[in-house]
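Next up, some structures in structure tokens.
Note that subunit A is present in both complexes that follow, paired respectively with subunit B and with subunit C.
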Partner chain A sequence: MEKILAKEKLRDWVASLQGCEVHGPAFADAVWNYAKAEGDIDLRHTNTVGSVKAFAFPQREVFFRFEHKRGERPSLVPTLPEPRPTVVFGVRPCDGRGMPRNDTVFSKEFKDPYYWARRDKLILVGLACIEPHSPNCFCQAAGGSPCSEEGLDILMTDLGDRYHVRGVTAKGIEVMERGRDAFKEASGGDQAAVAKAHEAACKEPQRTFGDLVAIPDAIRRNFEAPLWDEMARHCIGCGICTFLCPTCHCFDINDEVSSPGKGERVRTWDNCQFPDFTLHTSGHNPRDNLGMRLRQRVSHKFLYFVENHQTQQCTGCGRCISECPVGIDIAAVLERVSQS
Partner chain B sequence: MVNPKEIRDYAAGLLEQGRVKSVIGYRRGTAGCFAEPCTLTEPGEAGSLVWDPTCLNNLALYLVKDRKQQAASRTPDRRPIGIVAKGCDSRAVAVLLQENYFKREEVVVIGVSCEGTGVVDPRKLKNSLKGRSALKVEFGGGESIRITTRAGESELPAREVLADRCLECREATPKLHDVLFGESLAERGYDAPFRAVKAAEATSGEARWATWQHHFDRCLRCFACRSVCPLCYCPECVVDSTSFVITPQTSAEEKANRIRWCERSANTAESALYHLTRAIHLAGRCVDCGECERVCPVNIPLRLLNTKLEMEAFEQFDYQAGRDYDRPALISSFRDEDPNSFIR
Partner chain C sequence: MMDNIYLPKIGRIAGIEEETQGGRAIKTFKVEFPDGDGFEHACGQCAMLSIFGRGESMISIASSPLVKDYKQFSIMRMGRVTTAFHEARIGDLIGIRGPYGNQFPLDDWKGRDLVFIGGGVGLAPIWPVIQTAVARREEFGKITVFYGARTSRDIMYKADFERLKGSADVQLSVDAPEAGWPAYVGFVPANLMDKAPSPDNAIAVTCGPPIMIKFVIQNLGQLGFADEQIYTTIENKMKCGVGKCGRCNVGKDYVCVKGPVYSWAELKSLPQEY
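Showing the complex of A and B:
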């Protein structure tokens, strides 16, 4: 399904989504991030600092509540989330491509009920990147495109005074049909304008790092090379790169006790760059330095995930580069690995 | 104006003469126009050193990292390290010396004066360029910053793009140094010290609490603020999942009975506990390098927490962290004239 939406009609489309939770980019506290949409949605965003993964995989998920009163049987209360349909506007194609990768992780060996309770209700409305939203974008080098539909339910393209809106999945088409009065039919001229805009978008300058197909071998070849230590030398071991990443999905599970015998079992994001991530109970840490941790993150994205799932796990959003406090640059790391 | 060549020559000399095992400085990064930290070990590498308003990092952090590495090493290398330091960075070095983290002869401070300006705030820069990226950012001389974009070169008043910490800076020239590059300027026409925290304090208690709840609620607990802080050097931290150092000798019982002061959940209460604990641990120690606030990916105004305590130390005890490395630290000293009205 292909339609045209005048910019001032976006409001009407959003208003038609009654019963759904609607989120969109918002500029607050000097950063773009997703927020609940009330009325208008501002789609002039660069990219949101947090990725869309949090809608299916929130930073904190309660698995169940438990209580054990003296002399009674312990009780467990399930807390499987039951969200309303959730429509997210302004998803960049790199984040869109992240979601099928996360879907694989949370379903291949074990279907994660918490993830899927949220994911099944999630509708992603993408916005093509007519120009790169950051100097560190590298979606094309990572096998994607600034107008990729992969993982999105709808793809919107900004044509100046109007959006071209393409329904990609059945879920997406249904959401478009709910707002049918806001749309007009796309003419042949509109289709030509979209094709031209997408073609121009793919020619915008982006970061590169050589041949994507050759990278797994390059990582294997350099597994013991000193370059990892050198490139991680100034890493501070914080969680920015993984927490902002659209595909990093490692987690920790803890029982959080609120009063004696009572509490919750929770899943929270974890991070392979934290020193305690691989700390064994014996005190031994198999990844006890920053070089090994950088190698792990890069290998997970560009080697292990390729071996296990036949695609890269990185989609080239560039957040880990732009937000790193000390200039660690995954594109530069890959380039160096390729050439070593 | 500081000529970066002088810094390069001096660093190369230190390495050539074997006076230091390495020099920590700034070089051009690969991700945009900002400088990144670098560690030089060969005189030939000194040509890569840069000095401009994109040298944001407080490199004193890497003195701490080296000390931790040497402590864990079977063959520790305790030769001195050279470090390029701005005024605020040198204050961090001074606090580390005061706290006996290392000895004076183990560090060679290559001081650089920020003169009439300082370093830029990347977010202010982005706003002033309406989202476009700068290709080059240089000192413009006096109180201006020269910016090059694809559209050409322009000069901006430094006030518009300088980091808040630089606007409130009282000592833009490193007092502690072995060599100093650049002019020492006492008077700078920017904001009065503690301007931002005083403005925040002028609001009501309820409004302040609402603001901080909003910010703590947004915290991702990536711990970048802690990881980047040169004075957050504890080998164990109460907020980590392993809140004590585990060794092969640590018994199962000790591990099972560990107290979890702070849960992993990034919710308002736990994140408030984390940030307030950190602020209190930096009372009388924080030198206002502003790194915690700079690195926060969601822009939590963390400087306010630390400058509040810095202001208390200054107003109550006439104490400025990092001003005099050879005098006792605030927390470990007592003078008869210290105010004690709070003891009842």
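Showing the complex of A and C:
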């Protein structure tokens, strides 16, 4: 399904989504982030600082509440979320491409009921990047494109005074049909304009790091090389790279106790750059230095995930580069690995 | 509806055996399923045990799959959860989910000699395969069990070892000389070289501290064991048990799913992150 939406009609489309929770980019505290949409949605954003993964995989998720007095039977109350359909506007194609990768992680071998309770209700409305939203983007080097539909339910393209809106999945088409009065048919001229805009978008300069297909071998070749230590030396282990990443999914599980015998078992995001992430209780640590931990982050995305799932686990959003407080740059790491 | 993979079943501590005392005390727990919802397991698999309010820990199932009434876990007092277990009493109710991981391919080893090499609490992960091999004694050739601890007081399963002597060649060791110690004095890898089991038609299975495993594997190679004849079990830190939380990986493998049991031939091809 292909339609045209005049920019002033976006509000009408959003209004048609009653019963859904609608989120869109909002500029607050000097950054763009997703927020619940009230009325209009501002789609002039670069990229949101937080990625769209949090809609299916929130930073903190309660698995169950427990109450246990010694000698009595523990009471366990699962807290599976039951969200309303949730429509997220303004999803950049890099974040869209992240979601099928997360779907794989939360499906393979064991399906994760908490992730899927949210994910099944999620409808992602993408917005093509007519121009790069950051100097650190590299979606094309990572195998994607600024107008990729992968993982999105709808792809919107800004044509100046109007949006071109393409329904990609059945879920997406349903959401478009709910707002059908807001749309016009796309003319041949509109289609030509979209094709031209996408073509131009793909020609915008981006970061590069050599041949994506050759990266797994380059990592294997350099696995024991000193370059990891050299490039990780200034890492402070803050973890921002993985928290903002649209595909990083590592987590911790802990019991949070509110009063004796009472509390919640909680999943929270965790981070392979933390020194205690792999620390055994004996004191032995399989990844006990910064170089090994940087190598793990890069290898997980560009080697191990490729070996297991035949695709990279990085979509080139560039957040980990832009937000790193000490300037660790995954594209530069990959470039150096490629050339070593 | 999807199974809730994070919701534990209820287990009841039906027995507690004090194996060793002191700063590195080990207790063995028998866990029953009062709701009748117990699970079958295979040799080498683990389960996620929890004490509500203290947290979860992945622990090897130390009993043989042939034992159906309960599961046995040997736990060294180390951190928050294991300490909570050491404070537990018979009758206490705990959380248990699993079983997780792969298994020792015992059925492929029929007709072969089996050499087990354990150190410290690292005996627990290979104990079910020892117990099962002994229970199916006639299916295998010579069975030898090497086990070493720091001192004689640190030896676990003492009573079981006495029984085991009828079916297997038991070779115990302690790290340092002790008055009255009748067996070998020295580290486990050295005891292995001293007894020099034959690699002919044999399988070696080892678990213990990482440094012990390293030298045991080196020495097995010197004795002529091929990489395919050597098995170990990789006990990396785990949180989810279901291949998602990301910390137990060795290269592309999540040990909680693809491991913990590996042949040395398989493990050699992975990065040394265990």
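As a convention for this text, the second predicted complex is superposed on the first by the 336 of 340 C-alpha atoms of A that agree within 3 Å, B and C clash if a C-alpha of one lies under 4 Å from a C-alpha of the other, contacts with A are read in each partner's own complex, and residues count from 1 in each chain.
The rule is simple: a contact is a pair of C-beta atoms (placed from the backbone, for glycine too) under 8 Å apart; a residue touches a chain by one contact, two chains touch by 3 or more.
Keep in mind that what you see is a predicted model, and the values were worked out from it rather than measured.
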item	value
Contacts of A:Gln191 with subunit B and subunit C, given as first, second, both or neither	neither
First, second, both or neither for A:Glu323, with subunit B first and subunit C second	first
Touched partner set for A:Ile240, first subunit B, second subunit C, both or neither	first
Which superposed partner A:Thr311 touches (first subunit B, second subunit C, both, neither)	neither
Partner chain in contact with A:Asn222 - subunit B first, subunit C second, else both or neither	neither
Which superposed partner A:Thr169 touches (first subunit B, second subunit C, both, neither)	neither
When both partners are placed on the shared chain, which of subunit B and subunit C touches more of subunit A	C
Touched partner set for A:Asp252, first subunit B, second subunit C, both or neither	both
Contacts of A:Ala331 with subunit B and subunit C, given as first, second, both or neither	first
Subunit B versus subunit C as contact partner of A:Ser282, first or second or both or neither	both
Residues on subunit A lying within both footprints (that of subunit B and that of subunit C)	252, 254, 279, 281-282, 284
Of subunit A, residues touching subunit C in the complex	63-64, 66, 68, 70-71, 73-74, 76, 78, 80, 105-106, 108-114, 116, 223, 249-255, 257, 260-263, 265, 267, 270, 272, 277-282, 284, 286-287, 292, 296, 299-300, 303-304, 307-308
Subunit C residues touching subunit A - in the complex, by the definition given at the top	1-8, 10, 50, 52-56, 78-79, 82, 91-93, 95, 209-210, 235-237, 239-240, 242-252, 257, 271, 273-274
Of subunit A, residues touching subunit B in the complex	29-31, 33, 46, 49-50, 59-60, 135-136, 233-234, 236-240, 243-244, 252, 254, 256, 266, 268-269, 271, 274, 276, 279, 281-284, 321-327, 329, 331-332
Touch list for subunit B against partner subunit A, complex	29-32, 34-39, 57, 61-62, 123, 127, 131, 133, 215, 218, 220-224, 226-228, 240-242, 246-250, 252, 255, 263-267, 291, 294-295, 297-300
